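By written order: A, B, C and D. Residues from 1 in each chain.
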Amino acid sequence: MSSKLIAIVAGVGAGTGASVARKFAASYPVVLMARKPENYEGLVNEINSSGGKAIGISTDVSDSKSVDNAAAQIKKEFGEDVAAAAAIFNASGFGRKPFLELTEEDFMNGFKVSGLGAFLFSKATLPLLLKGVDTGSKHPPTLIFTGATASIKGSANFAPFAAGKFAKRALSQSLAREFMPKGIHVSHVIVDGVIDIPRTKEWMQGAGPDAKMSPDAIADAYWNLHIQPRSTMTVELDVRPWVEKW
Amino acid sequence: MSSKLIAIVAGVGAGTGASVARKFAASYPVVLMARKPENYEGLVNEINSSGGKAIGISTDVSDSKSVDNAAAQIKKEFGEDVAAAAAIFNASGFGRKPFLELTEEDFMNGFKVSGLGAFLFSKATLPLLLKGVDTGSKHPPTLIFTGATASIKGSANFAPFAAGKFAKRALSQSLAREFMPKGIHVSHVIVDGVIDIPRTKEWMQGAGPDAKMSPDAIADAYWNLHIQPRSTMTVELDVRPWVEKW
Amino acid sequence: MSSKLIAIVAGVGAGTGASVARKFAASYPVVLMARKPENYEGLVNEINSSGGKAIGISTDVSDSKSVDNAAAQIKKEFGEDVAAAAAIFNASGFGRKPFLELTEEDFMNGFKVSGLGAFLFSKATLPLLLKGVDTGSKHPPTLIFTGATASIKGSANFAPFAAGKFAKRALSQSLAREFMPKGIHVSHVIVDGVIDIPRTKEWMQGAGPDAKMSPDAIADAYWNLHIQPRSTMTVELDVRPWVEKW
Amino acid sequence: MSSKLIAIVAGVGAGTGASVARKFAASYPVVLMARKPENYEGLVNEINSSGGKAIGISTDVSDSKSVDNAAAQIKKEFGEDVAAAAAIFNASGFGRKPFLELTEEDFMNGFKVSGLGAFLFSKATLPLLLKGVDTGSKHPPTLIFTGATASIKGSANFAPFAAGKFAKRALSQSLAREFMPKGIHVSHVIVDGVIDIPRTKEWMQGAGPDAKMSPDAIADAYWNLHIQPRSTMTVELDVRPWVEKW
């Protein structure tokens, strides 16, 4: 039980990723992954200066070398015996285009982050999560994927985005069935609504109060998944605002 | 904001219902409904003697007169201006029989508790939950239905049970879409596994530790639904043990 | 192989039921059930006068005595050894009302036709369908249920309708899993759109051509289910017009 | 209406693809695509020598150049104004491996045929299908994707296969919603069972008669999709043998 238990969050920006990182940082050293340092630097400083421990690693989750490099940096920082209590995959692309205007690259980009990225992230973190089981993590080590409405519905003009999101959910279900009997909690969360972040400030004006989702409340939902005992685990759930049609 | 906010739990026995009642009793006076007094008396005493407030009402949720009577008792006890912070419908029947041996009564019994019971309970509690919205409940007043695997899959020999459970989920979805924009959080929880209660003590021997679900952990999941803000609410989720195949 | 193979259609009116009856009447004597004689009389005459064989039976599918009586009339007409090649349950209620205005009767009415009716119809016809297996029906005897969007989605103000439709789908799945290994093909068809019948003549003006579903095309889909071999059977499908949003 | 209407089938081998090709060849000249000539040569000869018209094109559907080349060959053979009445994507990979043994290449291979291949095939055939609408195809031009149980369920050890199949279904739904209002019928068929082909001859011994699916019956189901009118189209269906558990 000497290994350090850490939490790893991929896809840290202004919204869910940052809130999840803050939430888990209250209990674990956290590793924040984002493509660009400006997406995590402020948060790393914030956590470190408020008594937590955080490092940031510039990572392109859809590039296996970049993910391997991130894994190496984690071991360098926390030791070869590092174990994970949680790994949260929150990275996502986006795209909307009439189908016949899509290039092969457009389609593959839709898949690269949500599909391949989720795969590479899982490959890199599952060994650490399994070590978390071995070293007696208080809560079952937890692997969480952020999904969207497009995880269960392919809408017009969203083929690449939906293909990636469906693939991520397939991966999540497959991992749940393979790794839950090994003690790892695997969950997929469908986030259906606009998240309240600076970029969406002007959106949904006139929809009334609380029409946009709170990233902190999403982070609470993720934390609540983490602390479920292995006898009673949630595998799939949705979160949506009270005013959302669905 | 002078009205009392209470929590109402239907289907209190040895498992989920009792744990949910204990959990919500830490924050609200609770009303416990069960068909027979022996199902709630001990728990009512336990809660009242440990600083909480509980009353029990013998109720057949599938009988409108019995449900009306329960509603009247609630008003008598807590006042005409009583409001609800939470209403949890945990009642359930069960049944397994080759289809051609089923009587009309068998089939209707499968529907009566899960379908009609859920309807009557909703009719009785939604006005109190709406009053909870008006009186400024800290958390969105919450209506939760306990479901099962049979809520989404009709298995051989389970026609009445599945028909009732499917109907309950239909009701839950319809109420979510009608009442969430009015401020009420409506959720449906699929409980997929054996619950660890005295009656199941001998079950699943040899399945290893934690193979049965913890009713307290289920109650935690229900409470976590209750405290979600209206901007970020979960409508459907599952809970299952780590060893369950699905 | 001396028994007569018949087809039984419940819910014969101006739309799907009538088209299905005509389609199956080209191959089998047909029994048409509807609440009121005016719903089947014209069609019975039409089929009988064009070389087919049809009888109509006034039946309330939600009343077990009425269904028992219909079963007795079938045996009286076709002999004790009558067997069925197909039984199609196309009866449906409808209803739309704010939840708090619903009476217990409203809710039960939503369930009575779609849920209880489907149960009673299945109880009455499955023995005849099993006899169809024994007597060497060319095509696997087929039990088909007509569903709707409300079979898989509970919309606001549609609680009773959705509860009944969900229950019918639960029943259909349960019967498929119990009776397909006995040689009976059980299917559930989600009909998602407005059907082109006299009553809907003024609907969807301006939606362009072919915006309403053809009852004859639905009947073709039902017939195509019937003629599938037991090695290759469809259990669930949808039909919808090209312009429908879903 | 001078353009030739053809049918294009990708993934022609011993099973579904060949049966579908034969079925559609009775009404249209057919283009058969497979990776290797030996997969289509015999069938091309069979169709051409029995009064039909077929050409085979060696195609790797996951390689855009190969698909572009196939499209060019189709125009060379049938003229620049060639239009399609049907395009059927039946290509599939397979793979089963514990997750931690999977390489990036394994994962991408799972996606390449089912995901990228379906995308490239759709890109190449949709313009021909749209031309089929313009030129008055008797039946709505039809784009059909062959799916599997893994299209809706991610099982342990099947992450790449399920990710590809989920992605294909996402694509199919997205195309249905974008192109059905333009007159193209898009369907996704879940084939759940073992198909009766030479390669599976020894499988499922002892499961009794008709335990394996008939490729000809699957082809009938595809044809029946094709001839549905645009007012009444099936978007998703399953086919399974009578003995299959699901």
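Here, a contact is a pair of C-beta atoms (placed from the backbone, for glycine too) under 8 Å apart; a residue touches a chain by one contact, two chains touch by 3 or more.
All figures in this text were calculated on a predicted structure; none of them were measured in a lab.
Chain pair with the larger contact count among C-D and B-C is B-C, by C-beta pairs in contact. Centroid analysis (C-alpha atoms only) places D farthest from chain B.
A straight line joining the Cα centres of chain A and chain C is 46 Å long. Distance between chain C and chain D, defined via averaged C-alpha coordinates, is recorded as 32 Å.
Separating the CA-averaged centres of chain B and chain C is a span of 34 Å. Multi-chain contact residues, meaning those touching two or more other chains, occur in chain A at positions 177.
In terms of inter-chain touching, the protein chains here make up one closed cycle, each touching precisely two others.
Taken together, the chains touch in the following pairs: A-B, A-D, B-C, C-D.
Remark: chain B residues 64, 98-100, 102, 104, 107-108, 111, 115-116, 119-120, 122-123, 126-127, 150, 153-159, 162-179 touch chain C in the complex.
Here chain B touches chain A in the complex through residues 140, 177, 180-181, 183, 185, 193, 196, 210-214, 217-218, 220-221, 224, 228-243, 245-246, going by the rule given at the top.
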